[in-house]
């Protein structure tokens, strides 16, 4: 698990002080991102869609940076993801995510 | 837009009584599902992920049936989608969606 | 407070067994629905909008029945409320609420 | 649609790069804010209530500024809206919105 | 993990078809319910509070039955939990949970 | 009610300008935190769990500081609370709360 990339400093704190919990999260992370039927990049776009639909700025930003840097997702792929957020979750989470995307790409 | 497939009876009621609103929804739907950078099936799996993460039984069931019947999504592709729901949204929405998937496939 | 209308059997159970909590809820309810700057009916439509945007079938149905029966809200007024739900919260909660409205009115 | 007022920089980015999506959003926006059965200001208060109930600081602030500047909503009208947020969504979103209101008005 | 108690048929389906994911969930479950600083019953009441605050009927019912049958939680302990749901999440999730509690206990 | 501790400046504004609403909130707060079947500290941990599961940074930080300063909650008690957030609500709200905890304690 690339926890420094995906989860930031919070994950480091868990690893240091709660190794049992850290192990369980690593195990979960590996069981989630199998990259079998769907490839890893698609799963990351799904994770991005869910965090964006929750209007969660911090998690959306992290997922967006991760899917761009690690998997080379394009602006158009992310926008196609956010179009679904617009339809299923409305304008406020959509426009917030578009604003984040603009700041990350520029 | 295949509104009978995706939105059910509610959409028919909108079409009959509020044609202006119906037109706007059709326009939105078409602008969302462009199938350019991401294909339509991937966008439908993203929509499924968002409705499942909201624990919305009715919408999840509808998206699940649609992505299976219209796009031939496999059980493993849907499970790879739901794995991301588990990681980002926890056990209750995940297990509810797994239960729905089991009922639809059997 | 017209708790039988607005909150159903759950509220009766609170009244019987937890009179202190019941009193606090009655006090809150009265402080919320003041009908001063906004009239009561508008506040009920706002409550309906929030429950509909949460895709909460049970609460939405109750608010819808209440605003129709107690305040004579029309189908068009409720649809104008649900239009805002569509824009701010997306298709799944909107279409679920339209479906409920159709069933209540017919 | 007054997208500069309501949606900020994110909407400008959509207009520049995704004109098809922009057109669909403009169409949706116009179909939502009809101002027929309910007047525009009431619909904006409903939008404010929904964003406040979601604890979405950015969207709540934007809706609050818009309804005050464009429609002359008073502090008491907004408080009557937030009272409903308190009853339906609890203290954390209510108190966050009250705090925003205080900062905007002062 | 007592998955038959906590997660129902969905979990059995995961165990049969996706043993890697099942193992990860068992590991997570064990790392979560440590019962060290907080006892297991308190953690279960916290899980109940979260599912109730999400207005998730199915998950709330399951948590409520589990904490009563497995840990002997009393009606008053559950009501003290739901009082916090009322304050933090509003009337609709609170009254729905009270209604469920009434049905389970009677 | 210790509103300065729990609710901050927003509550002061309510007290000054809307005394009826303030009274109702004080009454609700007292009816919620009875400390009978569950002690006050446990109820505060439940409130913390709900705000953390909603990814509400502001409210989570406030609840965390309050339960540490007023009730002497330990880091391990809060982590046992957040473990339940992880299981029921997923990684993004969990890791955000862990990050807040780290900043508050250090």
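Which chain is which? They are A, B, C, D, E and F, in the order written, and residues in each are numbered from 1.
Please note the rule applied: a contact is a pair of C-beta atoms (placed from the backbone, for glycine too) under 8 Å apart; a residue touches a chain by one contact, two chains touch by 3 or more.
These are the chains along with the protein names UniProt gives them: A, B, C, D, E, F = Carboxymuconolactone decarboxylase family protein.
Just so it is clear, the structure is predicted and the values come from calculations on it, not from any experiment.
Of all chains, the one whose Cα centroid sits at the greatest distance from that of chain C is A. Set side by side, A-D and A-C show the greater C-beta contact count at A-D. In whole angstrom, the spacing between the mean C-alpha positions of chain D and chain F is 27.
Centres computed as Cα averages put chain D at a distance of 35 Å from chain E.
In chain C, the residues that reach two or more other chains under the touch definition are 21, 25, 28, 31-32, 34, 51, 54, 79, 83, 86-89, 91-92. The touching residues of chain A, when paired with chain D in their complex, are 55, 57, 75, 79, 83, 86, 91-93, 95-96, 98-99, 101-102. Partner chain C is touched in their complex by these residues of chain B: 7-11, 13-14, 17-18, 21, 25, 51, 54, 56, 58-59.
Taken in their complex, chain A has these residues touching chain C: 86-92.
Across the complex, chain C is touched by residues 20-21, 23-25, 27-28, 30-32, 34 of chain F.
Residues of chain A that touch chain B in their complex: 28-29, 31-34, 36-38, 42-43, 45-47, 49-51, 53-54, 74, 76-77, 79-81, 83-89.
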